Amino acid sequence: MEIMRVTGSLVCTRRVPGLGVTDLRLLCDASGGLAVATDTVGASPGSWVFTVSGSAARYAVGDPALQTDLAIGGIIDDWDDDPVT
Amino acid sequence: MEIMRVTGSLVCTRRVPGLGVTDLRLLCDASGGLAVATDTVGASPGSWVFTVSGSAARYAVGDPALQTDLAIGGIIDDWDDDPVT
Amino acid sequence: MEIMRVTGSLVCTRRVPGLGVTDLRLLCDASGGLAVATDTVGASPGSWVFTVSGSAARYAVGDPALQTDLAIGGIIDDWDDDPVT
Amino acid sequence: MEIMRVTGSLVCTRRVPGLGVTDLRLLCDASGGLAVATDTVGASPGSWVFTVSGSAARYAVGDPALQTDLAIGGIIDDWDDDPVT
Amino acid sequence: MEIMRVTGSLVCTRRVPGLGVTDLRLLCDASGGLAVATDTVGASPGSWVFTVSGSAARYAVGDPALQTDLAIGGIIDDWDDDPVT
């Protein structure tokens, strides 16, 4: 799973059946690259989230009609990062 | 999922069975790399699309005879990118 | 599988169902990148671990309710690295 | 899927059961990196091919005894690349 | 699949159930990065091997109790690399 930040949304009227009615969020990763993820937790622009990729994205969301390869797994409240020196 | 742009098509007469009758599009990603994706939504050169990778590509398309690892998931009409500063 | 080091934990109250009750650890890989993994072996900050990715992460952990794409597979006691010259 | 070029073959007498009787080709990708793929279409050195990765590689080939993560999906005759300016 | 070289072994007493009784080898890839793979063919340090990743790693090995994401697929005797100029 990775840490990313929500920066916006995607408007796509013509889609494949398995992604027909899903919110698609634009995300930015640590190196500045863009990614597109399905969002079932209601993340807003500016939120820090963690993402689940691959087949786990489908299973974690718990909606068998949602055929994604990247899902927002949760909204990060805080992290306790203790770099080891 | 990733944002890519369609640049052309691939002509391949000799193929494995699982990709026998599929349109194969050439795509360009953000860093200029080429990729090949199956296309069931009818994207034309110049279109901005988002792609679905891995096993989700097969499930999203909804055609069990199409054994792809990268599918065009939809054509992008617009995006609402709100970089957080 | 990859070798990583635990650096902290993630606090996320709003999550998808498949990751509802799991410890999420922050890990640092060899190139300094951050990753998030589920932890069922009880690794503490500073521990060197190896991680299992993809669908193997779910199966290795042995808990069908844990829908992760990256799991801590074990805590490294020692390694016997014999670089071939 | 990716575009690669066949550069040779691999000789491996000691293998795991799922790859026991398969032709293994050496491929070169766009950035010069080497990869190994199973070949069921009979590609020869110098051929430009596209490759299928992940679980799709097994399904596309259509042989349930072939447990590969990268398969040659087809031999490229031609491509119609129309860079958008 | 990729070409890698065995450089050592990993000692991990505390592991997840799906990797409980497996030999874990340290491998070095072409760019000098380290990876960890399960080994069922008995590769020794210095051996050149090819590795199978993802779900194919589990299926190729043929042992349903081995939940790996990277397996040594075979030991390379020789390769016939014919760079196309």
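Order of writing sets the chain letters: A, B, C, D and E. Residues in each chain are counted from 1.
In the analysis below, a contact is a pair of C-beta atoms (placed from the backbone, for glycine too) under 8 Å apart; a residue touches a chain by one contact, two chains touch by 3 or more.
Just so it is clear, the structure is predicted and the values come from calculations on it, not from any experiment.
Novice: Keeping to the contact definition above, tell me which chains border both chain D and chain E.
Specialist: none
Novice: Expressed in steps between touching chains, what is the minimal separation of chain A and chain D?
Specialist: Counted as steps through touching chains, the separation is 2.
Novice: CA centre of chain C versus CA centre of chain D: separation in Å?
Specialist: 31
Novice: Between chain C and chain E, what's the gap in Å when you average each chain's C-alpha atoms?
Specialist: Inter-chain centre distance comes to 19 Å.
Novice: Which positions in chain C touch two or more other chains at once?
Specialist: 54-55, 57
Novice: Can you tell me, using the touch rule above, whether these chains form a line, ring, star, complete graph or other shape?
Specialist: ring
Novice: Ring chains in order, chain C leading off, chain E next?
Specialist: Here the ring, read from chain C toward chain E, comes out as C, E, D, B, A.
Novice: Flag every residue of chain E that touches chain C in the complex, lowest number first.
Specialist: 5, 7-19, 24, 26, 28, 33-37, 45-46, 54-55, 57-58, 67-70
Novice: Quick check on the complex: what are the chain E residues that touch chain D?
Specialist: 1-3, 30, 40-42, 50, 52-57, 59-62, 71-84
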